[in-house]
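Got some structures for you, see below.
Next come two complexes, and both contain chain A; in the first it sits with chain B, in the second with chain C.
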Partner chain A sequence: MADILEIKHLFVEYYKRKKVVSALRDVCLNLKQQEILGVVGESGCGKSTLALSILKLILPTEGKITKGEIIFKGYELWEEDYLGDKNIISMGDDSLRKIRGGEIGMIFQDPFTSFNPVFTIGEQIYESLVLHRVGKDLNTYSAIHKEAINSLKRVMIASPQQVMNSYPHQLSGGMLQRAMIAMAISCRPKVLIADEPTTALDVTLQKEILDLLKKLQQELSMSLILITHNLAIVAEICTRIVVIYAGEIIEEAGSEEIFCRPRHPYTIRLLGSLPYLKPEGKRLVVIPGTIPDLIDLPVGCKFYPRCDEASDTCLQKINMKEVNKGHFVRCCRVKEEIDGLY
Partner chain B sequence: MEDLLEIKDLKKYFFLKKGLFSFNKETIKAVDNISFSIKKGEILGLVGESGSGKSTIAKLIVRLIYPQEGKIFFKKEEIGKFSREKLSKNVQMIFQDPFASLNPKLSIGTIIGEVVRVRNKISGEICSKGEVREEIKRILATVGLPINILSDYPHQFSGGQRQRIGIARALAMRPRLIIADEPVSSLDISIQAQIINLLLDLKEEFNLSFLFIAHDLNLVKYLSQRMLVMYKGKIVEEGLSEEIYRNPQNLYTQQLIESIPKIKYWL
Partner chain C sequence: MIPLIIGISLISFIILHLAPGSPVDSVAGMNIEVSADSKSRLCSLYGLDKPWYIQYYNWLKRIIFLDFGDSFKDGRKVRTKILERLPATLLLNVLSLFLIFLIALPIGIKSAVKQGSFFDKGMTVFTFVGFSIPTFWLALLLMILFGVKLGWLPISGMHSLNYENFSFLGKLWDLVKHLILPVFCSAFGGLAYLSRYSRYTMLEVIRQNYIRTARAKGLPEKDVIYRHALRNALIPIVTLLGLSLPGLISGGFIFETIFAWPGMGRLGYLAIMSYDYPLIMGVGIIAAFLTLAGNLIADFIYLCIDPRVKYK
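For the complex of A and B:
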């Protein structure tokens, strides 16, 4: 399948009290059509920054994309000037507005703070429909209304009319998250970015939302980027997984490959720290220390201070290495000892 | 084994006032006729979705709120007749949010020192300032924190470290029972494992009992031999964790276990 989104050597920096926080460094990523890509990492490692920079939503007062390209390939777009590759980073606000919501949709973590509390759900769905589809395929009020109802039905909301007329505070968390998904898919985006879509929800609701996302992804043939810290969620629905640590991609492989044959010491320990299927009495694997401060990063391998297999070779610059077909690892010792572990 | 804590027919209802001049009253049965017991040296797991009354039980046990009906017995004595000091000497709590549960205006030394002084007061020991300091340092060392942080303030620490401080504060009282209300759910995965291992170490070292409240069934199954499943203020299932996990009887428990995301490659 062809790539729909391509990120090339992306560098993002934030500025905090005159200090530079390097949130993302040299991130290369490609998203294929109709693929579910999982982005996993601990908090503060740059997952959300990655999501925000794809839509160029990083506030100019807080930080900026310093280097790199984000290329979005539009297929079957309505307007001519969209055809061909587009670099999101060099786009102006007008063209960006057409991409945001229209071509690339986004679902945020907390449904309670992401909606505007003074407008009804219906009004907020209309807004994106009016912006992206009026003048293309929807031209009457009733058509817009019907489309909004349709997208609410798609996310399995039983009484769409009632939800349309309610304000965000009147709905439960699960309902609101569904409404947010409905809003994101109402403009038929090619790519949907879900940033921790289930973290604020209960386990039973989490399952429903994940099943829904998977169903919609197939029905609307979208590509989905699922950003989460929960490895089990990723195992459930993703086809390919990217592990981020301290602003760098450290491992990238197919879902099964990551869980059965992890190669980076961080990934190996992270999987060992999960309480799943641990025999009783056996202790969890612990990664000592905490994630490094992004203002004052270690040289070379960023995991080196917490890694018990570290040696002097870890202090040089380390590049991604392909260890198996489609399996990339950023570790200089991956060929040697770690090989013996598995 | 001997029961450390026994809860009998506990009830806690909340009343919400609704409508004009609060004409309508809505009753929320947060804890509805609940009985269970915690044995000595045991980790009892308590799972349920948000709003099922898990935290209400925790608060009832440490008497931050009072029940409408029912009794709680600690070593066969009723907790309601305990003095504040006696209760806190025996039962301590670890809270969910390490950012909200530490007073930002107090240094770490003050936070833990306060507890140490109260403990000394209860037991009638007279300690010098130096001895209290030594005791604080010893406690910090047991939870794996550096001992030179006495004059630091909570905002200087990361989430995992703050949770350790919260645990140190609970341990300073040398309690018999610790109520852990979602102690790891706001922490990162790698930090979660550190805290879980710490709790297990402490349990062995001090022969503590735990009531471990969580919504993560996998975690509860890993930690505890016995667990309770709560739904809408009632206990719907109780038994050995392994058994419940393998063969849930109640419909809600089945649904809950069904919906846990599983790593299918590991099965």
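For the complex of A and C:
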């Protein structure tokens, strides 16, 4: 499948008390049509920053994209004779607004605070529909209303009319997250970004929401970027996985490949620290240390201080290299390990 | 609300009677020609010879029928005296409140949206100055500048002496000229306060997740700010509006006195200076009632604009 979104050498910085926090460095990523891409990493590694950057949602008071390109290739107008800017970062406000919500939808972590408390769910869904579909395929109030109801039905809400008339505080977390998904898909985006969609929810709800996302991705033939720190989630539904550490992509491969043959020491340890069902007295394996300070980063490999296999070669600049077809790793020792381990 | 009003009036009544001096003294105290006999006659005339709780009981009995009693000073009905002062106070304070909200809200919003900009920094300095300047002092300075030095504006009262001779438009212009300084001065402090307050609430709101959601939907920035953010930022500001209601009618004691504005504040001030008990109680009870009513109204507005608040 062709790429629908391409991120090239993206650098993002935040500013905290005049200090520069380097949140993302040299992130290159491509999203294929109709694939489910998992972005995995621990808290503070830059996952959410990546999600926000794609829609240029980083507040100018907090930080900015300093370098890089984000090319969206799915816009109908662009297929043949579009000559304007396809780069989301440098695009004008009007085009950007058409992409936001219309072409790329987004679901946030905490459904309780992501809806505006003073408007009903219905009003907030209407707003999206009016922005992106009035003038195209919806032109009457009743058509908009019907479409909003349809969206809610798609996310398996049993009483859509009642949910439409409710204010966010009147609904449960699971219901709200469904409504959030309904709002995001109501304008038929080609890409859906889900930023930790189940983190704020009950564990029992997680699977329902994930199954729902997978179902919708297939029904509406969208591409899905699933951002999470939960490896079990990505294992279940993602086709391809990207592991981020301290603002850099350190490993990228197909889902099966990464779980069966992880190459980067960090990924190996991350998978090693998953809790087992039958612990039999074994202690949970942990990765010693914490992620490096993003204000004052170590040179060379960012995982170097926590890695047991580190050597002097890790202190130079390390590039991504392909170790298998479609499997990229940012580690200087990876070649040696291939022979040693496999 | 009724028990609260009774409580407030009881306490003010007690405090009033605890204060040294009495209405009789203020009329006759310094005059050696007034005999003790006529003093006590005056006392019983005002009903001051009875214990304070009897006096309070009598006052309460009358107030139920909205009878505020007669002023000690000139014997006119307190109600009439208050009613004739009301329009002037309302005019001054409604204008100044309107001005405060009209100017401070946009300043607050713009400062918050463009946080750290030149405009925001300038406004921060302005609010700092606005907070710090004693407004009565500012009022005096402005009177000197515009009233005395430049002679552009009248410095006191509500009408000029030859007001009656003006045409309708002339009367209006005369009133406007008299209003400028008092309105500006009484709005000044509130302006600084409200613009700061609305900047703060707006800043709080634009950091919320739902604002990000609104942007992620593709809403234009003006809808994000004026529809999604403002609606939420207005909720705490409504409380302020409710609380400023009593000020509308009870008036500013200081400004009305400085500018000799014939309003309620000046009436209350003069009443206190001359121990006019019924008048003090009348003005006080109206202020108390309005404070409570303001709170109640703010609660009702909450009910309308914040769906999370429900009347139980």
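Going forward, the second predicted complex is superposed on the first by the 323 of 342 C-alpha atoms of A that agree within 3 Å, B and C clash if a C-alpha of one lies under 4 Å from a C-alpha of the other, contacts with A are read in each partner's own complex, and residues count from 1 in each chain.
We take it that contacts are C-beta pairs under 8 Å (C-beta built on N, C-alpha and C of every residue); 3 or more make two chains touch, one makes a residue touch a chain.
Note that the structure is a prediction, hence the values are computed from the model and not measured.
Taken together in the superposed arrangement on chain A, chain B and chain C fit without clashing. In the superposition on chain A, A:E42 makes contact with chain B only, while chain C stays out of contact range.
Of the two partner chains placed by superposition, only chain C is touched by A:S128; chain B is not.
In the superposition on chain A, A:T61 makes contact with chain C only, while chain B stays out of contact range.
Contacts of A:S114 after superposition on the shared chain: chain C is touched, whereas chain B is not. In the superposition on chain A, A:Y167 makes contact with chain C only, while chain B stays out of contact range.
In the superposition on chain A, A:I233 makes contact with chain B only, while chain C stays out of contact range. When both complexes are overlaid on chain A, the residue A:G102 reaches chain C alone and has no touch with chain B. Look at A:L274: by the touch rule set out above, it reaches chain B but stays clear of chain C. After superposing the two complexes on chain A, the closest approach between C-alpha atoms of chain B and chain C comes to 5 Å. Shared contact residues on chain A (touching chain B in one structure, chain C in the other): none found.
By the touch rule above, chain A contacts chain B in their complex via residues 42-43, 202-204, 206-208, 210, 229-233, 235-236, 255-256, 259-260, 269-270, 273-278, 280, 283-288, 290-291. Within the complex formed with chain A, the residues of chain B that make contact are 49-50, 158, 160-161, 188-194, 196-197, 200, 215-219, 221-223, 225, 242, 255-256, 258-266. By the touch criterion stated above, chain A contacts chain C in their complex at residues 52, 55, 57, 61, 93, 97-102, 105-106, 108, 110, 113-120, 127-128, 131-132, 167, 169, 180, 183. Per the touch definition, chain C reaches chain A in the complex via residues 115-116, 208-210, 212-221, 228, 231-232, 235, 305-308.
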